[in-house]
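Both complexes shown next keep subunit A, but they swap its partner, so subunit B is in the first and subunit C is in the second.
Right, the complex of A and B next:
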């Protein structure tokens, strides 16, 4: 059916190849570069601007005083009549930016000029039905390779100078409903990825491959009962069943198709040598079919990167019935408590609660609501388990009589969550998390009239409602030690892009209205905004090149928000699509002038 | 992610916007264009026996047979349009009848029309569904016309006679394993009805064929699926152990439903011409023979049953 994509590497013209070849001084990306990414300000070689995912830069040239002088230096269009949501975080190494676009595309751009060096379009198979729009969230870099996942669930390694395929591995079968949209993570020479999937009975997993060769090293399913594997010298060996044995927290054979997709990738903490991956909601969506906690759905998993072992888990929504995926990023950070350093990690969940965990063992330290309204739980107990309000659970499909709607349940947050995929940031200076959140609720009911593939079916009806006339999106500065909201910025449309904070005392984020905005990290005062021409759902980055500080963000409205109707659609229907990388810098002259 | 919910809203959002429709000319066509071109594209679910599938490169199945007769009735060639099912019917109608799939793009010809079916088969004929409204009051499927009911479908249990003496009620599945297609109504029903008493014995497979094969291997003692699928599998297997259940499905929302076709709402004239051909197949008794050739029971859609009963 589709004929998209062209021959890989086709775009690399002879001229570009010659240019790339002449730039032979460029160094390969090493494990050390990646581990030190946060501290080395001249490049961005990890998703999250450091493997812990803090999205914090020590750069200070752009600050509350100078940010007014930030200038756009170039804008690069992805073109191609393929304008869907652009949720990518760019990477920068040796003056070259590597950025992904919708429909599994990768571009290499010369930062000095904005010129395209090469472009790779994945050739996607016919009849593909990817879950969750056609977005991509970014690449990983390692050695001379640019690594990324495709909508047909392949992991692809491209040569960084030519864009030509070096290796390509099938992570899962797209025909079974799998795809990949998250950026992979590289830890100690291993490229590690999760999988995305719909409601077709997929099972989540995390897998590690040798970054240089693409050889698989380990595979860890994220649903209780499935066997994990390790590979040694090409030999596959059993490495223990996730959770020990099947059937402990699932009825019947439902663990075989339990969902828990690892669709947002993960972070890594070198102190504990642990990967942190989140898992999606359990399948099927209706909780009445699967009584039990349904491990390890809607959880955060700490995984040993050497062998894929699950070291600890923390489930944010046991027996989920609201589509509260537990995929949101877990960010490692340290804080002082009575003279002791606490090795903590924090996450803001779809379910509306913010959690602070001990990252060494997964113990719950504290948790609190970060959104204004939560209807499904009264709070968290001393282990961090939600105290449920049973009337808040969507109804049993068995109770729906023919020709009638099931009882409607009003639920907040909506199934898109108090916070969705868009990554928050943590400032080492203010000690605050900057959380992009949304205030919305849903009505949800079982729909008696529904069909699937020629058969009667039982769908769910829903409508999403803003909780306030004036705003849906709220960027919040949250103190992880107290739960206090230090400041907030309210946005009319829902927020769907990532956050960046800097030692310059700034917080950057984009909004669907198209503005790249910078706020004072302490007060929340808006210090700068620039309209990029289409909605921003990507994550900004900053780095330093030739003595000047740069900021980049991808602009291009899309992702999940424009896919639904109801009251929310009215707030975003006028937004135009796009697909452009905007790059700004603070010119040296402006930096001096402001002193 | 609850994808089905997201996608449903894609329809209503598009309905509000209207913009999606203007982006590219879609390739479903007017009656005159179909006749002039000399072919009609018939939308068929991929790999879905006994309704439609490819066997040694040749299209086979009930819907293929009906499609060929529609083409012959209009005096044009039959051309299959294979549909990869999405999560629900609204998605399939959008992807294949009125708008096209967002992945159906050609880099070298960005303005090329999308691949659409002129007529889509096996679309439920259900007034309540056709006029269903979303939360803002928009008709969800306003872009298509659903017409031409040609068959009534029901649920059916088949069981292994060596394991079960009979299936008079579903109560036996508190003790005997039964296979279902994952994320189907039988799946919902067996795992959530009757306080979940059959839940522990419900086994999930990616389609009814796999569930049936598992029954023949002894993994499960029964399967539940659509009657035509079960009839076809029983007929093809010619396995003396397999019997059909006599049970009802108490408390089940949708026990029977009619199947017809869909056409984009701007091409109603084509729908009328196709409906006339199909109506003749039903009234002349040819339709029942087509089903019998595949070993399937045929049940008239509700409208025809009422006529036959003299209402």
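Right, the complex of A and C next:
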């Protein structure tokens, strides 16, 4: 009796264990999942659809032939009165979408139905100081955690099933102007984040935390002269001054509030085991106050993910005077050159030049303008350093007898850049980069300014203006080997959303007019468009679920353009706000017909 | 009574069976009783019992700060859990207490928000599995849960969030317990005000000087802004209260006998 009684007991226990394990459809996100994200089409578990940031999917069911049949299957509203810029890239894991919204909100949505599973709303202090709208660009996923940064510069880990806070860390003091808007990335169990705040004279940095516990592991400042740190078993230890010592490329104490904010996050390349983080403008904008190259502002940094060491740097705009942040994503890619595989990386900078670098050592391979007009530099020298046009820099206010305003100059690109934050995509099929860019210029002048904690630290005035009547935005297909522009699509309003390309021969992008558009990757012919009801400034994704290919994009006009509009404002002021995730797929009949 | 006539023996058995479990009518006549009983007590046994004290003012002078005292000491039974709720609040649950030591009384004083005139109840789960219920009615002008917190209009909380004060009131005599009162700066936003997400302390733990837990609490947004929590303890020299809010912020402070 006793024995017989026990056997079913064992069986029941075994069954429970088996059931818990087969909850494998709800498995935790592993390092391997993240490293393989680009190749595994059933989920999206990294920002950039792969840590290299190529935003390329091998999926082909939605292609140049079938895309006309793409239909929305659900639309999910973020609700509330908080409809501001929605710059998020959604993530998808096990049939659940994790997407952020303006004002540091996170939503979990059932992909099959569009139903909300949970939402998390960070309670933000009124004193937050985002420079360029209250946006957020997305989460990272790791283990059973959903990780994201908030506008008050906190890093928060939520339980993926409940949305409850598991841990929360203060990355920096929001009262000094810090905030976080970029998606963090997870590399080998470390969650890595940058900070925003370059308009407030903060000191940029990249930091790594243990993704499961939130314990800090290392901190690397991005301004020359500041000490880096590593933590071992909770013990904080000095890890060397960034750049060796202060005062080499900055005058006086200017490095103490030098900017170089790492506000767009970074990418990672497993081949070289390097993180690539860009840095923002040096502070203040008035460059006459800080003669020198001002390292490591307006640069790309290659960082060792194990300890935060800067392995190499490449500065796109030394001694920046135009707000040419160097934050734009550096995308790793390989290409063949005379039978050799070149381990390259490419970036399209705010300053109007496209750069191809050797990603192993940061050496300049080639660079070329990708916008039509550049007034501040004649070109790049053989090291990739810009050849300046002296009269392209706004005048020194100290040279003016009366008043404090220096000579104003007309400058292209504008401070919002030939390309801003919106990520480009790289197709492994066509070998082309698809670059969302803008043709605009500015009048800019310098003023004197002094640093005060938590106050804007610009020393410049500016107004933005379009270069053409017909368009500002230009989606360009660019050959990184030749600099050739293979095709372009011109858009009336400035482009501010990310790009996605697929093995189906398509390029997806949204525009401020509200359309999700799909282009033929080779010809640029527009194959599809759908009006989502508000401007798109987010980044589309695609994945496969239950044998069907889905496409999602967040719609919701906002970001920096409507805030700094100048003469551009009249092209966008009629655009209405929103906050909706749109999800599309092919109807079964169309997919069957295409086979 | 009529229903006890022999002709209705079967009915009698049935109704008596129900009266033991889920049939007793609400002495306070609240329209939400059946719904909330099912939600909070399920099919458990329960009885209304005056020994569960719920002290309230007759009228909520300030519906965002209504002083309430819950005390189950007079039951003189081991208490596993105490649920506190307000029937007609949009968020009914106020707090759940888990007394973990006989050195803390099964009691709590706090301030709550009330949205309109309502019954406020305490349901005490005894070790035998029976719920003992006490409750009182409070009159109110209303709006306590959907009015913006003071914090929404004043950024004071941003730089003082989680600041805590604690005070230990010495006992009048050795037999009487000593009272500890804690106060913390927190907006306790309900999420019912447009544009202000819910932001509230959801967990608390009262510990002695050896970090042994005396009581664990789960709190909900109807606990008033800048919560004030008072406990009655016996034979404890030092107390520490730990708090965690739904944004993951943690706060703690301690008080010691003989000091403030």
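In this section, the second predicted complex is superposed on the first by the 544 of 595 C-alpha atoms of A that agree within 3 Å, B and C clash if a C-alpha of one lies under 4 Å from a C-alpha of the other, contacts with A are read in each partner's own complex, and residues count from 1 in each chain.
Basically, a contact is a pair of C-beta atoms (placed from the backbone, for glycine too) under 8 Å apart; a residue touches a chain by one contact, two chains touch by 3 or more.
Small disclaimer: the values here were computed from a predicted structure and weren't measured.
When the two complexes are overlaid on their common chain A, residue A:122 makes contact with subunit C while staying clear of subunit B.
Of the two partner chains, neither subunit B nor subunit C is touched by A:382. In the superposition on chain A, A:156 contacts subunit C only, with no contact to subunit B.
Of the two partner chains, subunit C is the only one that A:164 touches; subunit B does not reach it. By the touch criterion defined above, A:80 lies against subunit B and subunit C together after alignment on the C-alpha atoms of chain A.
In the superposition on chain A, contact of A:469 is made with neither subunit B nor subunit C. When both complexes are overlaid on chain A, the residue A:252 reaches subunit B alone and has no touch with subunit C. In the superposition on chain A, no contact is made by A:235 with either subunit B or subunit C. Once both structures are placed on chain A, subunit A residues 80-82, 121, 127 are touched by subunit B and, in the other complex, by subunit C.
Within the complex formed with subunit C, the residues of subunit A that make contact are 80-82, 105, 121-123, 125-127, 156, 164-168, 175. For subunit C in complex with subunit A, the touching residues are 155, 157-159, 187, 189, 191, 194-199, 246-249. Subunit B meets subunit A in the complex at residues 1-13, 15-17, 45-46, 48, 51, 82, 84-89, 92, 101-108, 110, 115, 122-124, 126, 128-129, 132, 134-136, 138, 153, 182-185, 187-189, 191-194, 196, 199-204, 206, 226, 251, 253-255, 257, 259.
Of all residues in subunit A, those touching subunit B in their complex are 1-6, 80-82, 84, 103, 121, 124, 127-132, 134, 176, 198-201, 251-254, 256-257, 263, 280-281, 283-286, 288-291, 323, 325, 396-398, 400-403, 415, 443, 448-463, 560, 562-567, 569-570, 573.
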